[in-house]
Structures are given as structure tokens and as C-alpha cells.
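First up is the structure itself, then whatever we jot down about it.
Order of writing sets the labels: A, B, C and D. Residues in every chain begin at 1.
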Amino acid sequence: MVTKKHILQWLENTANAMEDNRQYLTKLDTAIGDADHGNNMHRGFKKVKEQLPAFKGKDIGAILKAVAMTLISTVGGASGPLYGTMFMHAGNKMAGKEELTPKEMGELLAAGLEGVKMRGKASVGEKTIVDALEPAVEAYNQSLGNGSDFQQAMNRAVAACEKGAEETIPMIAKKGRASYLGERSKGHQDPGATSVSFIIKSLNDACLN
Amino acid sequence: MVTKKHILQWLENTANAMEDNRQYLTKLDTAIGDADHGNNMHRGFKKVKEQLPAFKGKDIGAILKAVAMTLISTVGGASGPLYGTMFMHAGNKMAGKEELTPKEMGELLAAGLEGVKMRGKASVGEKTIVDALEPAVEAYNQSLGNGSDFQQAMNRAVAACEKGAEETIPMIAKKGRASYLGERSKGHQDPGATSVSFIIKSLNDACLN
Amino acid sequence: MKKLINHPDNIIREQLEGMQLAHGDLIKVNYEPYYITRKEATPEGKVALVSGGGSGHEPMHGGFVGKGMLDAACPGEVFTSPTPDQMFEAAKAVDSGSGVLNIVKNYTGDVMNFEMAADMAMAEGIKVQNIIVDDDIAVKDSLYTAGRRGVGTTVLIEKICGGAAEDGYDLKKLSDLCKKVNRYGRSMGMALTSCITPANGSPSFEISDDEMEIGIGIHGEPGIERDKLKSVDEITEMMTNSILDDPAYHRVLKEWDAGKNQWVDVEVVDDPFKKGDQVIAFVNSMGGTPVSELYGVYRKMAHVLEKRGIKVVRNLIGPFITSLEMQGCSITLLKADDEILKYWDAPALTPALRKKM
Amino acid sequence: MKKLINHPDNIIREQLEGMQLAHGDLIKVNYEPYYITRKEATPEGKVALVSGGGSGHEPMHGGFVGKGMLDAACPGEVFTSPTPDQMFEAAKAVDSGSGVLNIVKNYTGDVMNFEMAADMAMAEGIKVQNIIVDDDIAVKDSLYTAGRRGVGTTVLIEKICGGAAEDGYDLKKLSDLCKKVNRYGRSMGMALTSCITPANGSPSFEISDDEMEIGIGIHGEPGIERDKLKSVDEITEMMTNSILDDPAYHRVLKEWDAGKNQWVDVEVVDDPFKKGDQVIAFVNSMGGTPVSELYGVYRKMAHVLEKRGIKVVRNLIGPFITSLEMQGCSITLLKADDEILKYWDAPALTPALRKKM
């Protein structure tokens, strides 16, 4: 079972990952964007991390919604509303829950993906967050459907997510700021697809403990 | 005797010297001024050179005054009025003359120096044109007074002028733009002192032929 | 990085404090969250005009808050869209009951954040419309991209719609004017140097001494193409002709349908410029290019327009929508009809733009 | 060298052509020799205000020609004083019979050229006075130098004396006001980068990434001292305090004595600022520094002034007296009495500065 402790650990791991990879994500965004993605993600999750102690009394749904509000009001840019909506939809779905079954974790992830797609209208192949998040969600749920346990499913999700992020390299961006570059957006890994892979990896790391 | 031909040759030599040393003079002015002295002198004497054919019918005084007007209306900056007044006073002194005795040449130079000093109020030691021009005029007239011939006197003038220009190096500027630098103006040769040494050298070269 | 700043983390706050100290007679800065409003409350019956976007484009938008232009502006982090809570709080602060028009530059982040803010404001009973500005012709198609960026026309819209709002336009009429000005305006930009965002401290793109970047946006993002540095005449001719030759532009823009009570997609088409058009010509500095060079651009642009039978009836020249200290310029041409000219000429008194006041 | 220009030899002409095309409703450019006048002739009875100086400081002076400010401006080559024939022709073009006041920045070249021009104009029967602006406190003494340079106060003088001239001041009264404003104004500047003059194509001074130049003029000349780059707070505090702590400044300035019919030397003393003074505060960009950073400067300056008991009653913020694309800023403080405030607030309509028109 995934407990609130795991969720709080996930958020802390994510905050640390964004701090560690601030420059890396910004560098990716320098190539095909406006050089702020690492700064944006770091600003948002730093704030989330500060608020973790205050989240302790909340249920998982409420925690995720509080994260959403924090991201929405601190990140800005494209990633703020996208990740904000991701956590908002995930939180709505998990309302009232104190712990999650592996199946519920699959629902959480799916709701998050659905939130990103609702907000950003992107599909796979457009060089966005969706290119990493959708394979991750699919891998997780498929793996679980095929009888894998939670840990195996999470591992598959992480692998699919990282692969999805890498596969954005040859893509021509069709959404977001990188799309202005047309052909010139080829050959660079998408910042958002990369940051979501850190989020999924952080979740896995949290649940391993 | 110095003829009109010599005077016209002087002006042409000066124009060529300013063209050749445009960057050098500007470099000197970059160190302690505003990086335009070579450009200013080149602009002025280029215009003078263009007008040389039109000067043929004029007497020496009129030629020098025409040069003055051209410099005044094309050079600008500090050097425009200074050299303009130098040629204006020299021209006034030589009014109506078609050729000059060595003594008259001395008067021409002295009138030019007096023009520069009247306009700029500088004395020797202040890191200006005067530091090169005054020794040159004194050397010429002294040499002539001591019985030297024209050529010897001119050579002495050139040597004194160049020495005067070099001796501006350790000086602290007290006039013109370089004076803002105070102590920092030390260690650099004055652009105006240098350009006047080209003018005197050009005169000597012209009269040698 | 050479900038007149303290710590990069504090520049938005400190520069806002500077604005407040400098222009306290015109504006009021709110710090939590950040937004700037006029000093005086929105008069009853007047639609409130709100805009916002990443910081680093000053004087846009904060410098355009004041009589005859914006009622509020929301500054984001440098080159990062502001957040919905800023926009929502600003809307609440300036709504007089006649509604709020949000002027939104077409960047994924700005559009999404303003949409969320509009939803929040409408949930509180505030009438809202979001109008998107997408005038940067460097972005060619809209089918395979996020669409054209909002650039220079934004400044002109803020002046023109500001004048009309002052004159009593209701939300519907003002939205229609805003959409028209956007349809009538087209821009193109270029850069000689990259800017440096304070948070990063290094150039947003590398460019050598003999190169320029064409079709640049205002966020230090790379442009559409890299070229050898050319003369101002060549650059200006290329930019002006590109704007004039740009064909009809089709795209789908989202707006709020108050009747249906939902966001709807509307197909919008810009017609190309044609001989005989009258225009407002706006030559803009990216920040590091001095106004003297803009006059060189203006000169050639005027020659090209004259040759093409386009008449410049008004102009604006200077650093109004910038990219930090980037060197470069943009040209915006706005087809001007009587309504547009009337409100372009209307009085305005803001920190950065002043007319008849 | 990265600039939006064609050949360096043609930039003055081309940029003037651009100004004419852009501002033909306000100004008229004369090309041989170069000078800019207002479009309309000087009204009878009005003293004509003329200024001029090297190009590269735009919008000064050409951008300040128009109602409420200058009647004419003479642009020289880049960073080089214009020539007497320009000033003489400009004086003839704008004199209405009530005389011409030349506003002359204190550089050896400007002073000498304007003096020759005044002599030429007076020989033609035009009443002339030359008033020297020397407000740059970076230059410490006047005994051993050419004296303080004319910098930021020039802009304020052109506005204030422009207003007074419009209001019917005669040549004597206007000269007195001009001298008072100069005595009341003090400036200091600094640079983060060097500018590049088009004719040279290379920086006027070398400066490394962690250095700044303090006490810089506006001609790309080196400053008074080189220092490690500091925070905007430290820089601003140092500049503001330097201006406030500057003691009485004694020097001898030349002016025309109409009674004696000759140039005379007049001893002039500036009194230092004191607690309780009201000031107009002018924070200026050297060209390449964007206005956002100026607000950072303004903020700290306002804090220092407040602490020192000096009250800012008006301000001006932006690139008004520049050094091509140089990055850096200057601060000018002008003690303001009722007369100065009255004409600072008076209407003006010029390409670069506008008030109540």
C-alpha cells in the first residue's frame, strides 16, 4: 500500500530532484525554449517542500490539491498550469483517501495525465510532457493488468517515462514555445518531458522505502 | 623662398599624413579621450585636399584662411576650432602674399601658435597641441636668429615638435577632455600634440622638394 | 552577467518597489501577489483593462498602467507567465462591475494561466473576456505550432483599447475592437545579441560577431533563422516586406462565449496588407539598441512602405516591448481605420506613454 | 561591431532622415549644414533656445526640439562637437529677433565651437548668450581641468528653460534661469560596458566581466576610476551620496557681456545640497541599460534621499542622454524651487519628451 508518508516523500524527492536538476532543465529549455524551465520547477517545488509539514494532517487527495494550488500560484509559464492541473485532477480523483492500492495509484496517474491533456491539448508526438507521461501511465497500468506487482509496475513506468523523454529528441515540437522553432526544435530533449520523468522517478524512489 | 606650390604641397602632405595615421591618432585618443581625434583630423584634411584645386588662384594668406574655414566647418570637437584658428591667424598674417621668406615663415608659425593659444588658453605643460607647437615655433625662429638657413631651421622645428609631442607622455592633462582623467592621463602621448607634429613634418617635407 | 541588480531572486520585487516610488502619483503596486493598478479606482461603468506577462519586457505592461491605457498589469517572473492568482486578484481589484478584458499574448503559458484566472473570476461573478494577441509573422503556420506569438501589436492594443474603454465601450464592444486591432496588426523582430536572464546569468543563445537572429521573439528564445549580419537597409527591407507579403493568416482562437457560458473555439482570419492601407508604424527596440539606430530602421521602412503604396499615418518609436538588454528591433504595422486612429490619439497618462495629458 | 546601420560614414545623415520621416509633424531637418528646428517658425517675441553636441547621445538634443523645449539642435559627428557654421545657420533660422540662447555642455570643443558661432551670429546682429552646463561631479576640480562636464542636467535645463521661453522670458531672464538650473543640478554616471563608435568599430575602453567604470562621461571616455562590479544598491548609494556630499563647487565660466560687448569670465559657485531640499530626480540609462534596471536604481536612490532628508518632488526615468549602446546609468539631482517646478511641469511636445500636450 502507498501511504501518506510515501506521498510526502514523493513530493520531497521531487523537490530535491528539481533543485539538483535546475540547471540541467534550464539548459534544455535554453536550446528550444526560453531558458526558465528548471527555474520554474525549482521555484514551485521549493515552495511545496516548505509546505510539507503543514500537509501532514491532510488526506492524500487534499495533499495533491494543495500541491496543485501551490504550483499554480508559484510556477507560472506553461508548466505551472500543466503540472498544477495534473496534481489537481489527481487530487480530485483521490479525494478522502489515506492510503492507495496499486490500482488506485494507476488511477491517480491516469487522472494526472488526463489533467495535463485537458489543459494543454497535446497528444503524443508533439514534444511535450505528454510524450513521457502517457507511456509511463500506460506502462504502469498495463504491467499491473498483466499481473505484475506494484514495484514492477512502477519500475516499468519509470523506464517508459525516461524512454518517452528521450524519444522527444528527434521530434519537431508542435505545442508550446519550442514549436516556434519548427525544424530547429529537432535534436533536443524536451524540458517538460524530462521534468515529468523526474517526478515519476521520485515517486518510485519514495515507494521503494 | 616658400612658394604657393610648397604651401599646397604642405596641405596635401598633411592630408595624406592624417589619412595614414587616422587609426593611430584615434588610438591615442581612445586612451585618454573619446576616440575620435584621427577621424576628426582625417575628415577635415580630406575636405581640404578635395578643395586644393580650387585654391590655386588664391594667395597664400587666402589659402590658409580657406583651410581654416574648411577645418572649422568640418572637424568639430576641440581640434576643429583650434586648428581652424591656427590657420586663420596664420592666414591673416600672410594676407596677400604669393611667396614667403624664411622670416615670414617664422611669422606664419608664430601667428598659428598664437591662434591656438588664444582659442584654447593652454600653456606648455598642459598636455595639448601647444606642447608640440610652441617648441617647434621657438626652435625655428631661434635657429633662424642664430643664422641657420631655412632648411636647418625647419629640421630643428620638426625635431622640437616631435620631441614636444613625446614629452606629453608623462604629463597630467590640464586642458581638454583628457584632463578629466587626472592622474590616469599620465603615460599616454597626447593626440593633438601628435597631430600637430604631422602638420609640421608635412610642411618640412613639402619645402624639401 | 552585467546588470544593475542585487540578487536575481529579488529583482521583480525591487523593481516594482522602484516603480511605486517613482510613479506613486499614477499607480499602486500590490506585492502579494504582484500586480499593478492605477492609483484611482476604476470609475463605475468603465470596463477594466488588464494585461500581464513575464517580466523583462519593460515598460510593457506595468509602464502602461494609467489613464487611457491599462487598469492593471500582472508581472510574472522574468520571461515566465504570471500566475492565475495574480490575475484573479488584479481583476477583483479593478472590476467596477462592468467587467474585465484580459489582453493575453499568445504563449501557451500566458493563455493557460489567463484562462484559469478567468474561470476563477467568473466563478466570483465577474464578467470577463480574454482576448489573444498573436501578431508575430515569424511564426508561419498555426496548425503545427502554438500559433503566432503576441508581440508589438500588444502595445498598440493597450493604447487603443485603453482609449475606447475610457470612452465607455462595454465589454462586448471593447472585445470586438481588441480583436480587430489584433487582426489588423503584424510584427517581426530580429536580434543582434542575446539577452541574459538574471536567474541564469548566461546568454540565452550563442551568436557570433558577424551573425544576427531573424524572427526572434521577446523571451530570448532563438529566432526562426540565423543569418550573416546585414546592413540596416537590408534587414529593414526584409522585415518590412515580410510583413507586407504575409498572406491571410488562419487560426483558431479560444474565447469565452457568455451566451453559451463556455469557452469556444473561433476561427479567425487576418487579411494581408494591401496598397492604399493606412498604418500605424511601430519601430521597437529590444532593449539594448539605442533610439538613434531605430531612426535608421524607420527611414528604410518608410521608403519601403512608400514604394508599396502604404501610408504611415502615426508612429511609435522606442523601447516599449523589450527583451531585457537584448540588442535588436522589431517592426509592427497596424492597419488603421477611423476607430483605431481615434483611440490611438486619445489622451493617456502612464509611466511609459503619454498623450495629451 | 553590432549595430543597425549602413556605412558608418552615413549614419548621421540617415538617422536624421529617419527623424524627419518620423516626426515631420513636429520638426524640420536641415541637411547642409545639419540642424533640426521646429516645424513652425519661432513666434515673434520668443527667445529661441538652441543646443547641440556630438551625436550618439540620442534622444538628446534632436529629440528635444519642439514646443516647450528647444527651437533648434545641432548634431555633430558621433561624440564630436558640431561646427560653428551649423550653430550659426541654426541661430539664423530660429531667431525671431528676440535673441538666441545657446545651451552648451562644458566640453572644450563644444565651448569653443559655440563661442565662434556666437561671434558669427552677433556679427550679423543676432542677440546671443551662451550658457554652459557643467554638472558632472565626477570631475572634482576646475582649476586643473577643463572643468566639470555637462551631462544629465542638460536635459532638465532644456525642458525648464524651454517652458520659460514659451512663457515670454526675455534673453536676460532666460539666461539667468538657465544658469540657476545649472548651479542647482549635479550628476554622476557609471558604466558596465563600453560603447563602440561606428567609425572605430571597437570598444572605447576595455573592461572585464567583473568590473565597472565609475564617473564615466557620455563620450565613451574612460571614467574616473575602475572598480569591481557591485550590486545596484551599493552603486546607487555611492553615486547618490557622492552627489549629496559634493561640496561647494567654484569655477570660472565665460559668458557674453552685452553691456561691455565682450566675453567675460564670471566666477560661479554651486552650493551643496542640504537637508530639506526638494529635488527633481533624473535616473538616466546610458543606452544599453533597460528601464527595468533603472527602477532598481531609482528605488535605492529614493531610500538614500529619504534618509538624507531630501524630498523628490518630480522625476524622469529613461534613456534621455545616452552614450550609444553603452550599459550603465547616471543620476542627476536638481534642487527645485517654484520657478523650476513651474516650467518643469509646463506643456511640451517633442519627439522624446511630452507633457500636457
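General observations
Simple rule for what comes next: contacts are C-beta pairs under 8 Å (C-beta built on N, C-alpha and C of every residue); 3 or more make two chains touch, one makes a residue touch a chain.
Computed from a prediction, not measured in an experiment: that's the story for all the values here.
Inter-chain centre distance (chain A to chain C, centres taken as mean C-alpha positions): 32 Å.
One simple way to say how far apart two chains are is to compare their mean CA positions; for chain A and chain D this gives 56 Å. Separating the centre of chain A from that of chain B, both taken as means of CA atoms, is a distance of 76 Å. Judged by the touch criterion defined above, the protein chains link up one after another in an open path, with no loop closing it. Pairs of chains that satisfy the touch definition comprise A-C, B-D, C-D.
Chain C makes touch with chain D in their complex at residues 2-7, 11, 14-19, 21-22, 55-56, 58-59, 63, 192-193, 209, 212, 229, 231-233, 235, 287-299, 302, 315, 317, 319, 322, 324-325, 327, 329, 351-352, 354-357.
For chain B in complex with chain D, the residues that touch the partner chain are 26, 30-36, 39-40, 43, 72-82, 84, 119-120, 172-177, 179-182, 184. Residue ranges on chain D touching chain B, taken from their complex, read 33, 54, 76-85, 107-109, 112-113, 115-116, 138-140, 144-146, 149, 197, 199-200, 204-205, 217, 219-222, 224.
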